[in-house]
Each structure stands twice: as structure tokens, then as C-alpha cells.
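Read the structure below first, then the notes.
Letters A, B, C, D, E, F, G, H, I and J mark the chains in the order given here, with residues in each chain numbered from 1 onward.
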Amino acid sequence: MLFHVRMDVHLPHDLDPDVRADTVAREKAYSQRLQRAGKWPHLWRIAGEYSNISVFDVDSADELHDLLSALPLFPHMTIKVTPLATHPSKVTDALV
Amino acid sequence: MLFHVRMDVHLPHDLDPDVRADTVAREKAYSQRLQRAGKWPHLWRIAGEYSNISVFDVDSADELHDLLSALPLFPHMTIKVTPLATHPSKVTDALV
Amino acid sequence: MLFHVRMDVHLPHDLDPDVRADTVAREKAYSQRLQRAGKWPHLWRIAGEYSNISVFDVDSADELHDLLSALPLFPHMTIKVTPLATHPSKVTDALV
Amino acid sequence: MLFHVRMDVHLPHDLDPDVRADTVAREKAYSQRLQRAGKWPHLWRIAGEYSNISVFDVDSADELHDLLSALPLFPHMTIKVTPLATHPSKVTDALV
Amino acid sequence: MLFHVRMDVHLPHDLDPDVRADTVAREKAYSQRLQRAGKWPHLWRIAGEYSNISVFDVDSADELHDLLSALPLFPHMTIKVTPLATHPSKVTDALV
Amino acid sequence: MLFHVRMDVHLPHDLDPDVRADTVAREKAYSQRLQRAGKWPHLWRIAGEYSNISVFDVDSADELHDLLSALPLFPHMTIKVTPLATHPSKVTDALV
Amino acid sequence: MLFHVRMDVHLPHDLDPDVRADTVAREKAYSQRLQRAGKWPHLWRIAGEYSNISVFDVDSADELHDLLSALPLFPHMTIKVTPLATHPSKVTDALV
Amino acid sequence: MLFHVRMDVHLPHDLDPDVRADTVAREKAYSQRLQRAGKWPHLWRIAGEYSNISVFDVDSADELHDLLSALPLFPHMTIKVTPLATHPSKVTDALV
Amino acid sequence: MLFHVRMDVHLPHDLDPDVRADTVAREKAYSQRLQRAGKWPHLWRIAGEYSNISVFDVDSADELHDLLSALPLFPHMTIKVTPLATHPSKVTDALV
Amino acid sequence: MLFHVRMDVHLPHDLDPDVRADTVAREKAYSQRLQRAGKWPHLWRIAGEYSNISVFDVDSADELHDLLSALPLFPHMTIKVTPLATHPSKVTDALV
């Protein structure tokens, strides 16, 4: 099941630089693990913002919350989830 | 170049039923033409709303505006465009 | 899977009274069918507003959208869906 | 009487980790006491957010405020209360 | 139990003048009946707006919704209810 | 002349506990002095929030500002004032 | 006593042109009467909008509401009133 | 040329008291200099808020920005500027 | 003097098609006259919306309001004006 | 391709003054480099605010994000990007 997720990152300006670098590095590794596992099929940067728009493919809202709340940047992000359904005009035979 | 587009449809309740049916049918055909042409790679329904979240793949903002303003439902929609950039954590070797 | 749904009804003041009465009656019958089927376990009126707060129990966002978009009042409602997950502090042994 | 309550938690990033852990543990114990007492019949996590949607069953707004303002996390939460009334379409004979 | 209620009136400009005059007259009579019954202890006009701020004294949210939804102007109003609790600094021995 | 006032308190989490206790105690004493003087005829807690809704009875906006800006919690509050007028439907012969 | 008032005019596009012209003419005459009476000391157009920012000088909120609700355009305006107090830095000896 | 300016002051609670007192004193002196020079013809306190509504009379937006950004409290204020035009109903023969 | 102007067009869906076509044609001619006169140096379409972002170069806010309120589409637009000042980092020797 | 960019700067009040001066100086130099390179053709100050409105001319949203996220003030800014298209009424023969 697909969920549209927007994440906005707000790092405190007085965060310890080492903690910051470590958190950002762990965020990247964690994100790539989820992408490779097929859980996070789309990930885009919003131009000009420290934000992303993503699509997650999970079995349930419980699984989605477990994945999102385990993000190393979770304490510093505002997250908004929108559940997606199949669109009746979606073509299924388009080349990708 | 990718653009994230959210469209919310607000049909006037006193729209002539034939006009309405015709407009919706032309919207579907037009949308599917763009999808097959690779211009509209993602199209999802927002659960519970007469709205969609889409991603367009176009050469420029001019092309994007031409495509969107030609939507048969354009006069009855609120549209919000967000330009997307490549995310630095995006994996390129994931199976799709 | 549980979804929190808020529905706000905005009936046009010039809607034909018979159409209105018929739509509201069909809405009630439809709602009660879904409740009896276990799809709509919670339904509350927001005090002072022509609005409700509901919880739906469905298999997927697709099923949720199908149920909601078939509501007779759907063209006259603003609907906002919020996906719910299990809360880690939820007790499971409380008497109900 | 039922009240719909949304709570959003905003923990300061420089909160002492021991204070934080202790506060969160006391919050959980307190919440479960109220659930077992029948005062807090519904508690759901909002997927992707450090927030919950709850329903409280209390005798009065005074009792509700006493219960909410005693939450260990109260100083770090934004809370929004909505009073609920019986919905005229609510079925009372549905299996739960 | 006390509830704070704000009502904003939006009369359609093409409402039949007789319907309008009759509705406003019935609203006034209904409001005064509730005031005399002690259900509507405070009623103020917001300066410059076709709006009021009121306090209702009722036994439950169900009673509140019944009273409000029976207002002749209900279909043309936006209503927002806020539940009130006793303030710990409230003096009870002040002259009124 | 009556003014509707909403006050939302936001105490900094790192405020010195003694300063905090002293400020809150002075706020209570000050508030009760104004209530006994007939300047602050209504004071209610908003259920679930560190906020109040009040009505002040003063001679002018100047007097109102002097009273409000002297609140010990004034530096930590968001205040919104709404001027009230007599409502034409207000009954004057109701028992209170 | 001074009140800051913002008025935004929203004339229905299908208003009868004669009714419209007559209403606007009566609005102007009424406004100028109040200005000459010293009740409406400041009146500015917001550049680019069918809106004005005004300051009224009245004895009470009741008088303010009577004056504003008698505006011929009142049914087509959104009005927001802000009570003004004397600023402690205001010089009283400036040339005007 | 006239500009409507709203300023909301947000002083950090941990600002050094001497810095604070000095800044506020310089703000007052600076404001009074501009008022005496005819640049700042109107200055009102918003009742209940640490905010003011002002009207500036300057030659250009450049001059306005220079004056505002030199306010000692500028780093702690949210400022919103609205350009004012002559209102067609404004009387020019009223006594002031 | 430069003003940033955003215009959002909302044409009523039941506007007579001939009136509509005539208004849009007059809007275009009027806009081009102002552009050729140097009053309207920048005009861009917001991608995906029936809206534009413009910069006007005028002598005063009065002139700006006269130009904008004479737009044939003025009754159907929401307009927001922002006064612009010279930016201190602006280079003046860049090739254009 | 043109993008409209609004940047609002929020410098923490406890930022080290040397860090602050250095960051602002680097911001200015960086901005002027991009202007001279033709990437940042328009840059205006919003009168009264520590904000600017800019237009960027870049090859893609990726390039735009690279340029913006490298701004020395980027961690302290809120940025909002709007993609611009050619307006059909834009004259191309106006003198500039």
C-alpha cells in the first residue's frame, strides 16, 4: 500500500557538529537500506528546501510508522502522511 | 525535469450533467494520452478526496503549463506545482 | 487497518428540497449498511457543526476511497483522512 | 460524555535524556491507568507523527481538563479538544 | 456545563427577502426562549461583524448540538464550539 | 465596555523553577484583585489547554492595555482582544 | 476611543448593475457624512485591492457596531476590528 | 507616500536585562526622532499585544526600508508593510 | 518605484462566454499597453495556475492602484501587492 | 528556465557576532558571483523585512537546488520556490 510522505527537516542551529554529521550519515544509510528493500520507492528533494517528498510501499500504517519513527532525523522533522489510492485514469500499459 | 503536482477538483453543483460527463470523459482520455507519452509518469488518487497527486516529466515549466492548462477540468481545479530535484540519498541500483 | 476521517457537509442553499431530502436519506441508509458490515466502527457528530468524525476499518486505501466516494453526500463534503497506527501505550486488557 | 482529543508532542532537543526518559515512562503508566479506568477508551498513533488521536469519556469538561493537565508530557504538548455528540445515523445494534 | 460558542452568519445575497426576514425573526424568538430558560447565559455581538460570541450552559454535548442545530440560521452559520472548564484563579466571592 | 480576551500561555521549558512558581503566584493574586474590582467579570479555562477565555469590563482600550500588559505572565502569553457590542437579541429580563 | 478597521469588499458578480451603482453611491455619501462628523478620521485604500484601512473615533464598541453595520456595503464586506490604545512612545508635540 | 506598517515584538526571554532595557530605550528615542521629523505620522498600540500599528510618510520604499531596518528592535520584530493609496471617498474638508 | 504584484484570476463558471472572451481580450490589450509604456516591466505566468507574478514600475501607490483597478479582470482577481526596495547585495554591473 | 524564489532570513539572536558577520559577508560575495554569472538576474529587498524576492535563471531544478543550498545563510532561511512560465500577454518588443 502506498503512502505519500513529506518530510521537512529543522536542525537546531546549536546542535553539536559531530552529532549532526553522524545523524545525517546514519539517515542516509538507513534511507538507502529501505530503498533497496523496496519500502521507499520514490524519494525527491523539494528544490530550495531541506525537505523531501517520498512514496512508501508498506503493508500497513503500523509498518509505515515503525519505519518513519526510526529515521535518525525523526526528532528534527515535521512529517505529513497522505494515503494514496489507485487513480481510475491510471494507465497500466505505459512504458516506464 | 520532474514536477510534483497536486490537483483538487471542485465541480459546481449546478453544472449541466451532460457537460460534466463529457468533461470528465475528455479529462480521462487526455490524461491517458499524456501518460502513454511519458509526460505524466505518476498519478495517484488521494484517499477520500476528489484530488490527485501527480508527477510530470517535462522539458520546461512552459511545457508543464501548456499541458496543465489544457486539462478539460482545468477551470474547475486548484493546482499546486512543486519543482523536484534529485535527492542525494536516492539509490539508483534498487530493483523497481 | 484504521483510518480517521473527518467529513464536513456544505449543502448548497439552493439545492432542490426533494433532492436534498432524498440524498440525506440515502446517506443514512448507506452509512448504516457500512456500520453493520463492520467497515465504519466509529461515527460521532462534532457538537455544533454539520460534520462528523469517523473511524473506518478497511483492508486498504483503495477500499477506503471506494467507500467514501460512494457516499451520497460525497459531492457536498470536504473529507480529510488520517492513517492511524497502533499506539505503544494502548492497553489491550481494558474492559470496554 | 465523549471528547475527541488530539495531542502533538514537541520535546525540546536539549532536554536532559534522563528527564526525558522518566517523563515518557510516567506518561505511559499514567495513560494506561486512565485507560484501565475507562476514562480514555480510544488511543491511536497518527502514522508518521509524534502525535495521538484519543477519545476521552468523562463526566465534565472540568474532569477532562484535570486529567489532561496532569499528563507528564502536558508542558510539551499542543492539545486540541473537540466535543462529540451522538450521530443520528449511528447504529446501536452493530457487532463490535 | 459551559461551552463557548462563536457563530458567524453568511446569508446568501440572493436569498428571498421574505424568507430572510422570517428566518431572522424566528432566530431572535428562539434565542430569547433559550436565554430565558437559562441555556444561553451570555450573548455578545462581535463589533463590526455579523457574528456573535456566546456561552451555553447545558447538561451535555448532545443537548448543545440539539439546541444549536435547531437555530433557524444554522444552515447559514459557521459555528465553533470550545469546551470551558473552571479556572483555578476564578474568585467566587466577587460582586457581580 | 466589554472586551473578549483569549490568553495562551507558553512558558519556556528552561525557565528557572523558582521564577516560574513566583510568576504564576503573582499572576493569580493579580488576577483575583482585578476580578474583585469588577474589571475581569468572566474567566474560564479552555479545556485541555494552558489558555483562558476572559471578558474584561473597562472604560477604554487604554485601560484594557494597562491591565493586560501588567499581567506577570504577559511576556509569555499570546493575547487576542475582540471588542464586544450589545447583541440585539439579548434578553435583559432573564434570571441569572 | 480609536478602533482600527479593515474592510474587504466582495461584490457578487451577478449583482444587478443598478443595485450595485446605487449601493456604491450610498456608501460614499454615508462614509463622507461620518468623516465630516469626525467619526471616521482616517480612510485609506489598500493599493491593488477593493479594500480599505480605516480608523474610527467613537464612544464605544456599541456605537462602532451601529456605524459599521449601517454601511450600505456591509452585507458584502468582511470587516476586522482591532482596538487601539495610546502608544507610550507617541510624541504629542510633533507638527502635523 | 504612505505605508501602513504593523510591528510585532518578540523579545527572547533570556535576553540580558541590561541589553533589553538599553534596546527599548534607544527604540523609543529613535521612534520619537522619526515622529518629530514627520516620517512616522501615526503610531498606535494594539490593545493587549506587544505590537503597534503605524503609518509612515516617506519618499520611497527604499527610504521606508532604511528607516525600519534601523529600528533598534528590528532583529526582534515581525514587520508587515501595506502600501496605501488615496481613497476616492476621502473628504478633504473635514475638521481634524 | 517597484511593486511586486501577484494576481490570481477566478472567473465565475457561469460567466457569459462572449463577456468572458471580450474581457480576456481587453485584459491582454491593456496589459500590453502598460508594458510598452514601461509601467509593467515583468510579467510571468505561475506554472499550472491561472495566476501571474508581475513587477510594476510606477511613481506612487496611487498610480499603482489606478493601473490595477482599471484591469478588465480586476473584479475577478485576488491581488496582493508587496513594495520592493533596493537590495544591498544587488550588483549593478552585471550583463543583462 | 526561470524560478521565482522568496527567502526569509531568521538569524538566531544568540549567534556569535563574528560568525554572523562572516556568514553575511560570504552570503553577499556568493550572491554577487551568481548575479555576475547571470544565474540570479533579479534580486529585491521586501520593504520592512529581512527577506528578498529573487528570480533565478537556471538549466534545471537540480541546478537551482545546488545554488540555493550552497547559500551561506541557507541554514537560517525559509525558502519558497515557484516555477515561472512565459505569460501569453508578455510583449517582447518593449524597451527595457
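Brief remarks on what is shown
Here, contacts are C-beta pairs under 8 Å (C-beta built on N, C-alpha and C of every residue); 3 or more make two chains touch, one makes a residue touch a chain.
To keep track of the chains, here are their UniProt names: A, B, C, D, E, F, G, H, I, J = Muconolactone Delta-isomerase.
Predicted model only: the values in this text are computed from it and were never measured.
Steps from subunit C (Muconolactone Delta-isomerase) to subunit I (Muconolactone Delta-isomerase), taking the shortest chain of touch contacts, total 2. Shared contact partners of subunit B (Muconolactone Delta-isomerase) and subunit J (Muconolactone Delta-isomerase), listed by label: A, I. Chain geometry summary: the mean Cα position of subunit B (Muconolactone Delta-isomerase) and that of subunit G (Muconolactone Delta-isomerase) are 44 Å apart. Across the assembly, subunit H (Muconolactone Delta-isomerase) contributes residues 2-3, 14, 45-48, 61-62, 64-65, 81-86 that each touch 2 or more other chains.
Interchain contacts give a graph that is no line, ring or star and is not complete, per the touch definition above.
Chain pairs that touch one another are A-B, A-C, A-D, A-J, B-C, B-I, B-J, C-D, C-E, D-E, D-F, E-F, E-G, F-G, F-H, G-H, G-I, H-I, H-J, I-J. Partner subunit G (Muconolactone Delta-isomerase) is touched in their complex by these residues of subunit I (Muconolactone Delta-isomerase): 3, 5, 12, 14-15, 61-62, 64-65, 68-69, 75-76, 79-81. Contact residues on subunit A (Muconolactone Delta-isomerase) toward subunit C (Muconolactone Delta-isomerase) in their complex (touch as defined above): 1-3, 60-62, 64-65, 81-86. By the touch criterion stated above, subunit F (Muconolactone Delta-isomerase) contacts subunit D (Muconolactone Delta-isomerase) in their complex at residues 11, 13-14, 45-50. Subunit H (Muconolactone Delta-isomerase) meets subunit G (Muconolactone Delta-isomerase) in the complex at residues 2, 4, 27-28, 31-32, 35-36, 38, 41-48, 52-53, 82-91, 93-96.
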